[in-house]
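Given below, in the form of structure tokens, are the structures.
You will see two complexes here that share chain A, one where it goes with chain B and one where it goes with chain C.
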Partner chain A sequence: MGFAALAILALSAGCGRSGEPASSGGPAEIRRLTEDEYRHSIADIFGADIKIIGRIEPDVRVAGLLAVGASNTTITRAGAETYDVLARDIAAQFLDKAQQEKSVPCLPAAADRPDDVCAGKFFAKIGRLILRRPMDQATLDSFVKAAADRTRITGNFYSGLEGSLAGLLVEPEFLFRVENVEPDPTHPGQRRLDGFSKASRLSFLLWDTTPDNALLTAAQTGVLDTQAGLERQVDRMLASPRLEAGVRAFFADMLEFDSFDGLEKSKDIYPRFSRTIAEDAREQTLRTITDHLIDRRGDYRDLFTTRRTFMTRALGKIYRVPVASAQGWEPFAFPDGDFRAGLLSQISFTALHAHPARSSPTLRGRAIREILLCQRVPDPPANVNFSVVEDNKNPNYKTMRERLTAHRTNPTCAGCHKIMDPIGLGLERFDGLGQYRAEENGAPIDTSGELDGIAFKDAVGLGKALHDDPAAVSCLVNDVYRYASGHTPLPGEKPWMGWLEQGFAADGYSLPELLRRISLSAAFYRVSDGAGPGASTQANGPAPDPSLAKEGRS
Partner chain B sequence: MEDRTPRVAGSPASRQSWRRTLRGRAVAVSVIILAAMPCQSRGSTQDGVTGTTRGFVFEYFWYAMAYGADDCPDGLAVSMEKYYKHPYTAGRPGAPKVNALVAKGEKGTEERCKYPAAFEEPPLRTAQGRVAFGLNLDGGSADKPAPNTCRHTKFTSPDGQPGVDNQLYRALACIAAYRPEQHFQSNTIRDFVNSARQDGAVTTLMEITGLTDDRNASDVQVGLYSSAEPTQLDSERRGEPYDSYAVTKNTRWHNVTHGKVVDGVLTTDPIDIRLDHYQGEGLKAHSEYYIRGARLRVKLLPDGKAEGILAGYSDVESAYSTEFGQWYPTLEIGFGGSCPALYAAIHNLADGYPDPATGRCTAISTAYKIEAVPAFLIHPKADDKASIASAGPENGAASGTLAGWFKKLGW
Partner chain C sequence: MSTELRRRTVLRGMLNGSAIAVALPFLDCFLNDNGTALAASGAPLPVRFGTWFWGCGMTPQRWIPKATGRDFTVTDMPELACVEPIRGRINILSGFDVKLDGATNRPHVTGNMGLVTGSTPLDPDKHDVHSLDVLIADAIGTNTRFRSLELAATGNPKDSYSRRGANNINPAEGSPAALYTRLFGAEFQNPNAADFKPDPLVMSRLSVLSAVKESRQGLMNRLGARDRARMDEYFSSIRQLEQQLQLQLEKPAPLEACVVQQKPAERETGYEVFQVIENHKILAQLLATALACNQTRVFNMVFSDALSNLHHGGREYQQAETHHNMTHLEIVDPKLGYQVRAAWYFERSMEAWVTFVETLDAIREGDGTLLDHSLVFAHSDSSLARTHSLIGVPMMTAGTAGGRVRNGLHVSGGGDPVTRVGLTMQQVMGLPVDRWGTKSMEASKPVGEILV
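Take a look at the complex of A and B:
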């Protein structure tokens, strides 16, 4: 056990529940709902049949995660218009003539006149779900009054509700997850998130959506502030099938799967690429992850070596494997000895981290460093000459390894390429789409390389090296916490992060156990000094620990 | 480590490896892998074959047409429209009546192609050239006709092989819609048939099992199958390699024979085959290839594709019904042919499988060009095959013609 680990254990002693070390806590955040969070919330509040037609403002990736970007962005003028249009449309669908009696918990005294009692019941119920906390009386009254005013103009009670409901859906407290802070009675002088902010953190972390009624009730009654009550809720949420949505959302963010939206490949060079391939490749990896981590309670590290995955006909022709089901997905296992194993050899990785017309050991090496190991790689200088690398018909440099070797003779480039190329070359038998090839321009492809001193022969060996790399574990823990909290850990949170890593190892690198550990930890809800409600990491909070950030990424 | 082409290891050693892989896996995974391993575990006809398996899907399957310059010295075949202006027809007693019916569009004339034997028309202009694609099916030569055949003239193949039998080429090669050069009709029938394949209406699969060496193998098992799943195409409308296809559960369209590979060329033993056939949306004719004594000569290409010829004897009724059974007078005019003349020509040119009672040949030699891309074949389970096979048509080859109906009725 290293010194750091001993120090963590020492810190843990006497620091509260489960040997949890002291933590400064982080800032309370104001986080704009990501597009997925928005869509999931609307579906859960109003029903899955509500159509959300249109895109909302693009999410912003900061320090490697959209979840962190959400703490660092706002809404533009154009974005506000989009939210407004969506809100009106959603309200209209929800209170459509065929739906209104089902949507409103009471019948108005008269359909053509205001009914403040019925409107009050409606907004009290729906407002609590939309704003993720009960509406205070003044707010409730203002929406009831607005509904009555509109009803007087239109002569329709439900039209009045519709107008106010649309207004509720553009409330900042809905579009942003505003974390509120209260004194921590168990630690005088310290502050923590209030119960509703806790509920939101839990729900968006574990289910990628707004808190359900049970969770809000637990927050409202104070049950969520007790350890036993918190445990009941967390265990309920972890046992729910909805955990899959939460895990998918996290990995989609971590693996930068939003890039699939813009993924293009040269039709001349990769004629088999299509949107179906792109969508299936993304889905394949997410299925592999949730099957392994949730259904099988597998070791996170095994994601880099597992031969189990899922297959569609469309993917089968890229992987060149038989797929029995003409439609949909089926489980598939690459046989022992196959050249594919783990996420690195899946199309989602090989295609996403390549150029439109060729593979790229550099992009792949960089992705492994930055996404999977949380290590920063500097951007290339603006005046770099890529001519040798891009000329894949040069008879003197038949393979990418040869071209990159020539490129590295430029000392300006050599430094960075040295930390990317030896890793990425391990995947070089997968072309820019991910199809297997043994040769390039008639020359055999050498896939040997090394990852921080660990030599490997091929993609399977690279996956094994990554499996055994402690940095991969640290990176995941770091990313899960940053995803959950919306900020890069502060120096005062570092011991606690170490404790999480230790626990992750002790729990067999089980992601659900890691999520449970974080969710039950007081440190997760602790708010650091000087970081009040809405204080953003980069704006006015304490400086984050640079070693825990992913910077310089785009 | 070699590339993963659509082949499945079938050697005992590699089977052990797959079994190890399967052990403890989900049942569904087992099903997938077993489905891709036709050579084992399912009690199929491929039991006991060692070596690897390569699968293919046909991206092109139509007559191999040589189009020699001297094929049609008298010009192209005369269309139905012109028959009625032809002195031969005009002078015959029944002609005016039929002609009048056609002119009025009366119902009876629509049946010309369904009941071609009920009409008598001038003979079809047939190909007179000496070159055609195909194989020497009967083993005879120009000097020494093979026994048990009907009189016919042999061709020489474009690459100089003598003794080629392809009498159906004689029947088709002077019809405008079967030829490439006519302005309005060029390649019409070819495009009908292949667009049906491209549109997913008909899919044909081939599987070679027991390849111990891609270039040479003394005994391989070869299957030709239909599939209900559409042929997958790329943006250029060429077959997408490495897709998976379920073999039809209808065992009527399962055809298995043996062959060998010499210098990368597969040749097979003769076998009577039946395969699903669709002539295209224009004709909406779902029927069946019924080719007797069929054999392959297919080159296995280094990129995993295959191309070559399937030659054999088309049952004359099948050949007629698949090609012309769904025609009607408008198409006879448009395509440049006459159903009664074609029907008669095919019977007259038939050169194989003589009827023991009449001595008339019941099948006509032909050759199809094949272009295939690699694919994975998913075989049905044995119990599925049995249930569907019993639901197959009694005799699809005979349907669509009067003679076919008579044959079905046992007349």
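Take a look at the complex of A and C:
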């Protein structure tokens, strides 16, 4: 870093945003790319027409988020095989005959012999995008050399590149986001993420993909370490249409939409259910969210009450509403007074949190507690016996409410069920798929209940109660930060989290503003003492060097 | 002739005189740590180990044979009756418990995790212990193409109980077509092929992987202990890729039992019970072929998940419930004394077990069958699922492990920890262990009755 950059840093030092409390920072993490991050990265590096055929090792959910699981998992034997197969396939597509001259920034001296200079140019360029930082000289050399070895066997320059490119795609620093640490010149004695690690955090948070060239350049030149430079990049990213991919990825993780993959419904009870319905239901909610939070700059809390959504004809049949377009999506609003409003009354919620053959107030109540309010519901006792009270043939208990009430008279069960069932019963007029019904076994369904002392009459009232629940707001802020950082906040980060929450309220509960606040805060990049990679050896690490070849990895 | 010399010969042969400068790290990885030849001629047939899992247990009074020893009968036990044809090829192990040791019994999780890892988890999400199959695979699976194969008849890659610690679950393959490609696709070396031509590109792939491994030291130096362990796992996985490639450079010894079938068609997978039964049958067949072709020595087959999501059609409300839900919702028939519809699933599970054992037994190998050279350990996650009981978790074994295990016995554990069985499995497979498990699950006495 030059003197000029240092001077800018010195000026910006201490210019924290108003009222921002000190934070300990968290650990630097090693996060395995999630399946979506992998797919998006490949598309950005190699082009959207590259096909990724095959299933990637399943993501792991820890403490409610795949993003936190990514900091805890690794790559199994079977997983490495899959990545290797994909890597060779991607490399072959990128360097096939029709593509190769477009894909390589130079022409080899001869197409049937190694050309280390041209290969070096190719790997320096593509390697920087793949590894999210410039390749160090030793790594570059070994991949160039492996390419030459292969070219000597096959007599084809591009085949050599292909072999090494496949290798780069199983490099640990591609498959894992390895965060590196450096001393923080603006706060002597403290440590922070280096520029490239910052760039990755921003890019995966805001766009759910690998950093683009402009962001990497900002990291490489040290611009990203200045507040003004950081602000420029963050605002560029927030203004981009790609923000939508980032917001979708966050909510898909938070709302556990990966469960759609295994979602099954009984064909006899719910003959309308199909893979199309499952995919459309997921998409409907994500569209509702991005439209409301990004396009309309809406208040997060209104997601629980909004009547605006989007429909396909297939979904229209489940919701029993007319849809004009035979193909694709159209905007739709449930009329005022309708029994549906907000995310809770969408099929993505009612179908995902139900059994294959019936609704479940308990599962729905639990999902509201755990996913939307970040409250942990204890597991049921192992020796639980449901059979006596869940018999739907018992003429004394016609509705689910009656059966569950009987269940709750058992004191062992009461403790937990009373925090789940009264909430979930608010959604009982939506069956196990989400179709509306007014009665069960001939008895009218009563949807009244309460959420922590707030009484409601029906699903719309439940949405309103959730809208007004401060825990829903804290939960979102907490989840966004855990998603962004890959860890559960340390005690030393709590005051700062409180500040985030206040800011979120002051910004009208706008998600893009929350993302901006996090992205611009030094606390987001601060690394707590003794935590994470680089704790010992990074202290004297080199400053970012614009030359491609010199960037140190250790 | 030593293996190393043989490899050098192969190397020289395949390079065919062309001047390839092979980097030192490459030679290093190529020649190290692969000491045993693959089924070298004259060597005894390998002994395989595998698990076979079904979810939600059984009804004790309808499953546990009355007599122990050789003279037990199964025809009077409705949920076990279907094993009659294979009675002499298996052992029934009843009365072995998972001890909770103060842990909360998280239904369908705690018991199974305790059974496969030998210690009952206080927090299942943080249970950083390897499962039995992994311990065995690390000992006997290092010289085959795949250290182990994980399969799930449900098609869900997450239906796997094979684990290298808390968040490192070996994902299962559930699609027969994908499994076929993985096993018998372009990289398969048919041991009975008339000619053997190693692909020279395999060497270049090895050289690339050694470049990948070069980043190891620099990376490791930057990490704390927890992340170092994670990255160690990653590099071990890369190491296995190398081993797979190294095996491709060697001519495999002929195996008469290795007859590769046609590629199965793509099929939809899911938890519908008849779909699962059919998928299980096809996967079992592919697995048996993979074993006969010496592609792996360790496997894990999941018939149904621990929280058995099996279900099937039927207009009637209750029938559309999942098997698991049925074990809780269905009323115990007052006359019969058990849950009739839930029991239907237990019977289907045992039928699938019979299919599995018969599939291994159908392949002739040496002077016996594939089953004779295998040890299969079948178990569930609980006994009576209705109460999530961990008392007498049902277990069985099949095969004689090359003459090391007796068959046709019913052994009752009398309340001993399940770990006695896990210890026995390890000892049969040649692991040098004399105790396994923690706290009251620590076992030092194998199930001697079934040992030869």
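Methods note: the second predicted complex is superposed on the first by the 514 of 554 C-alpha atoms of A that agree within 3 Å, B and C clash if a C-alpha of one lies under 4 Å from a C-alpha of the other, contacts with A are read in each partner's own complex, and residues count from 1 in each chain.
In this text, a contact is a pair of C-beta atoms (placed from the backbone, for glycine too) under 8 Å apart; a residue touches a chain by one contact, two chains touch by 3 or more.
For clarity, every value in this text was computed on a predicted model and none was experimentally measured.
In the superposition on chain A, contact is made by A:Pro331 with chain B only, not with chain C. Contact with neither chain B nor chain C is seen for A:Glu513 once the two complexes are overlaid on the shared chain.
Of the two partner chains placed by superposition, only chain C is touched by A:Gly79; chain B is not. Contacts of A:Val170 after superposition: chain C is touched, whereas chain B is not reached.
Once the two complexes are overlaid on the shared chain, A:Arg320 sits against chain B while remaining clear of chain C.
In the superposed model, A:Tyr436 makes contact with chain B only, not with chain C. By the touch criterion stated above, A:Asp302 is placed in contact with neither chain B nor chain C.
In the superposed pair of complexes, A:Lys267 makes contact with chain B and with chain C alike. Measured by the number of chain A residues touched, the leading partner among chain B and chain C is C. Common to the chain B and chain C contact sets on chain A are residues 267.
The residues of chain A lying in touch with chain C in their complex are 30, 54-55, 57-58, 60, 62, 69, 72-81, 84, 138-139, 142-143, 145-146, 149-150, 152-154, 160, 163-164, 166-167, 170-173, 175-176, 178, 180, 262, 264, 266-269, 355-358, 379-388, 390-392, 531-535, 537-538, 553-554. By the touch criterion given at the top, residues 1-6, 8, 17-18, 20-21, 25-26, 28-29, 31-33, 35-36, 229, 232, 234-236, 240-244, 246, 376-378 of chain B touch chain A in their complex. Chain contact summary for the complex, chain A toward chain B: residues 267, 271-272, 308, 311, 313, 316-324, 326, 330-333, 335-339, 436-438, 458.
Those residues of chain C that touch chain A in the shared complex are 18-23, 104-107, 110, 125, 146-148, 150, 156-158, 164, 166-171, 173, 178, 182, 200-201, 203-205, 207-209, 211-212, 214-216, 218-219, 221-224, 227, 230-231, 233-238, 240-241, 244, 270-272, 309, 311, 313-315, 317, 320-322, 325, 328-332, 339, 386-389.
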